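One chain, chain A, links the two complexes that follow: it is found with chain B in the first and with chain C in the second.
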Partner chain A sequence: MRGLAGIYAQQFKVTMASFIQYRAALVIWLIGHVLEPLIYLVVWSTVSRSAGGSVGGFTAADFAAYFIVLMIVNHMTYTWIMYEYEYRVRQGTLSPDLLRPVHPIHSDIADNLTSKLITLPGMLVIAVSLGFIFRPALHTVLWAIAAFIPVVLLAFAVRFVIEWTLALAAFWTIRTSALNQMYFMAMLFFSGQIAPLELLPHPLRVIAFVLPFRWTIGFPTELLLGRLTPTQTLTGMGMQAAWLAAGLVLMRVVWRAGLKVYSAVGA
Partner chain B sequence: MRFLRLLFVFWRIGILGELSYRSNFIFHLLESVLELGTALAGLAVVFSHTSTLGGWRPDEIVALVGIYFLVSGAIRMVIQPSMERLIEAVHEGTLDFTLTKPEDAQLLVSIQKVEVWSITDIVLGAGVLVVALVRLGANVGLWEAAAFAASLVAGAVIVYSFWLMLATLAFWFVRVENMLQIFSSMYEAGRWPVGFYPRWLRFMLTFLIPVAFATTVPAQALAGRLSWPTLAGAFALAAMLAVLSRVFWRVGVRRYSSASS
Partner chain C sequence: MAISPAVDIHDLHKTFVVPEREGGMRAALASLVRRRKQEVKAVDGISFVLSPGEIVGFLGPNGAGKTTTLKMLSGLLHPTAGTVTVLGYVPWERDRGFLRRITLVMGQRNQLVWDIPPIDSFELNRAVYRVPAAEYRRTLDELTELLELGPLLKKPVRNLSLGERMKCEVAAALLHRPQVVFLDEPTIGLDVTMQRRIRGFISEHNRRHGATVLLTSHYMADVEALCRRVIVIHHGRLLFDGDLAKLVERFTSHKTIVVSLGDCGADLSPYGEVVSCTDGDVTLRVPKSETARVTGRLLADLPVMDLTVEDPPIEEVIDRVFREELS
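This part shows the complex of A and B:
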């Protein structure tokens, strides 16, 4: 356990150093993460005005609150591992990682957490500025804020495990971009990024309940906005735990099978 | 004429390069279909709650989505790859080979790399546009069609000049790729009418990152809501940027020192 802590601390320093070198890449990520929720915020505010003030119980101010909180939740839970694995497998840079006495996922987790520690203050400043522009209606409750902390951590864990497993598809094909696109499109719809899930037609809402996407983004967002009852929150945490367990099992199976087909070309 | 012949040559080179990776076409098509499908499904969700959006009817927004795919496909097919290669050539000193050719070098660098499979975006975008036009039907008269074509040309010139200006910054600065990337990620905002955005963002999308002229303005023309002053303004901006980007290019090339070649 102490060894693992040392690894995390070391990875923290490495990531820190590389981010200080590549600041522009950070800005590009940030723009991407701000622009998308901002676009849908604007679109849905326009919808609510066109529909005479509110849509499905959402006023323009509610949409502003929803998409600003969603922006932060998305930023807290996102990973970019799928882009990286294709490169690692194709170029063979995964090979030295495999020789190390720890599972490669640990350096990825440390890398991800470090980058978020660096970018989160910037994100919060952006969120506050957007708050001044769009005047969101925030009425949350105390227990929801308390519950948000474990829920967002679970959301991060679920998303990390699933996307890490999906990234392993690179062991079998180098054309992962079509697969990634499919994943992201499904995510866009069923996580609540395009619209709050309450506004989707009923069949889609049922699908969203079963799939993992909602539990990684939409659910923490709705919780923090005080839109969920305690029962709904517990159900959601149950779904998160179920997906985390399923994801961990799947990850082990895929990782073992993937290592067998990995040929370390280019290393 | 000469331009078309050259473009055809580079297009052929692009196809020859890709012929050994034919299955890429299928994957490109799949990605384009997915992207377009999500865009249209998103519209369906929006219009299940309202019949008009900020004064735009559903078919008009669908036409806008078609225009967006058409223009972004053209950017991804020719402009972006060519400009990325230009930046690389400035860094590595290989621009010499282009400058010594007996043809206008600005033209050559602008079309030197063609990503042929991005044609899927252009074809799908055009398809969506046609469907939207048929549904708009009688509302699109001769004047609307002419204004649409004119504003699309002006928008294309504006976008091209802007990319060229950004890329020629490579003559002065080392890392310009990032700016290109920021531009392409902001371009995404052009998928919706810029009139929706708050004033500061609308200003940015019109003048700092001129997306509005390439997408919203042509769509307005189709909807019959384009005023004379806007069209004239688009042409004035297009002419100004075309001249300015030419100046950028000329001054930049003069600074080019052919380092490391």
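This part shows the complex of A and C:
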């Protein structure tokens, strides 16, 4: 465990140094992360105003609060690993990683966490600025803020494990972009990124409840906004734990099978 | 008690299945429905044993199966058949104890992080391989001295030249003092000075730490400077395993003399077999024992502007081994 902590500490320094080299890229990446929720925010606020003040109980100020918090949650749980694996497998850059006496997932986790830490302050400044412009209605409660911390960590873990596992599809096909596209479309719709899930028709809400997407973005957002009861929160955390467990089992199986393929066809 | 071998390969096979089709639109459409596949035997039943502390040259033309074998030895590839043990481990089980004791340096693959100075990547390796702090400092000092890394350690990797980067790659690969070192073309693309330095370093590392080294190279000079023993493979089969001296003596019975005369007018066939003449440079092939005599005669008889005597390239030696089907 101490050895692993040492690796994380070093990986943290390496990632930090690499990221600082690309300050402009970081800013562009940050803008990308802000623009998408901002577009939905503007669209839904306009819709609610033209619909006489609210849509499905959401006022313009509610939408503002929802999309600003969602922007932060998405930033905290986001991974880019699915874009990377195809390159790693095709270019063979995975091979040096496999020669190291440590599982390659650790450097990905350390990488991801480091980049979040570097960019989070910028994100928070943007969120506060957007707050001044769009006047969000925040009705959060203290217990929800406390519960948000484990919930967002679980959300990150679930999203990371699922996306890392899906990224391993690159072992079987080097054209993974079709699969990635499908995943991101489902994510957009069922996670609550495009609209609060409360606005979806009942059957779709049921599907969203079963799928993992909501638990990685929509659920922490709703919690922080004070839209959930303690029971709903505990249920959500149960769903997160279930998806994390399932994801970890699946990841182990897929990783082993993937390595077999990789080492059979030419690393 | 007999010393257990560092590397033990027995009847190793690796067959790749690769899709194949004819060129053209029709074949492309046909391949949508039914894909034709072909089996390629990259390694076809090779066996050898390396003792601890040996430096062995692993030779063969492109596509002979050298890299495939090195990948199987380092655990990146799973063989189709046969057995391999390295330091008593089965490589593709990728035991951490095994990975901590070996290294594989490949010319094109890098483990240095592109945007930061090598020293940061070295620190990461120290943590990954759990090298104790005092030992790390000692090894780093040693590597810095032997490879003259001092001025390079703090420059971002992307600002280093190919040779400088290769030196740092080699250093990164050896920081954990592996007992078994697999080197795949460690001097490819480097100038002569840099080649010599890397070579000197490999030999010094072997001497100081008793590491077993298996090295592939297209440069005869690397092999001659480092390896007493060579293993030659071609089409995945073992063709020669023994003393380099014997291989060279036996299969480079000729030398190549390049004479610069300014034009291709003169007939040099009395001096040896004329291989080619381009831009006034005549290439002659002469028996090894005749080299000194022919060189003297050429210099005495003709207005020679320049003259060089070379061993035939390694491919030619290997080709000769192959043609004579020595096993």
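Here are a few things to note about the model shown:
One rule holds for everything that comes next: the second predicted complex is superposed on the first by the 262 of 267 C-alpha atoms of A that agree within 3 Å, B and C clash if a C-alpha of one lies under 4 Å from a C-alpha of the other, contacts with A are read in each partner's own complex, and residues count from 1 in each chain.
Methods note: a contact is a pair of C-beta atoms (placed from the backbone, for glycine too) under 8 Å apart; a residue touches a chain by one contact, two chains touch by 3 or more.
This is a predicted model, so every value here is computed, not measured.
Of the two partner chains, chain B is the only one touched by A:R175; chain C is not. After overlaying the two complexes on the shared chain, residue contacts for A:P121 are found with neither chain B nor chain C.
When the two complexes are overlaid on their common chain A, residue A:V42 makes contact with chain B while staying clear of chain C. In the superposition on chain A, A:P203 contacts neither chain B nor chain C.
Of the two partner chains placed by the overlay, only chain B lies in contact with A:I28; chain C stays clear of it.
The partner of chain A that touches more of its residues, comparing chain B with chain C, is B. Of the two partner chains placed by the overlay, only chain B lies in contact with A:V55; chain C stays clear of it. When both complexes are overlaid on chain A, the residue A:A195 reaches chain B alone and has no touch with chain C. Residue overlap on chain A between the chain B contacts of one complex and the chain C contacts of the other is empty. Within the complex formed with chain C, the chain A residues making contact are 3, 6-7, 9-11, 13-14, 17-18, 21-22, 92-93, 95-96, 98-102, 260, 263-267.
Within the complex formed with chain B, the chain A residues making contact are 24-25, 27-28, 31-32, 35-36, 38-39, 42-44, 46-47, 49-51, 55-56, 133-134, 175, 177-178, 181-182, 185, 188-189, 194-195, 199-201. Those residues of chain C that touch chain A in the shared complex are 16-17, 68, 71, 74-78, 92, 94, 96-97, 99-100, 102-104, 106, 109-111, 113-116, 120-121, 123-124, 126-130, 156.
Of all residues in chain B, only 23-24, 27, 30-31, 34-35, 37-38, 41-42, 45-46, 48-50, 52-54, 175, 178, 181-182, 185-186, 188-189, 191-192, 196-198, 201 touch chain A in the complex they form.
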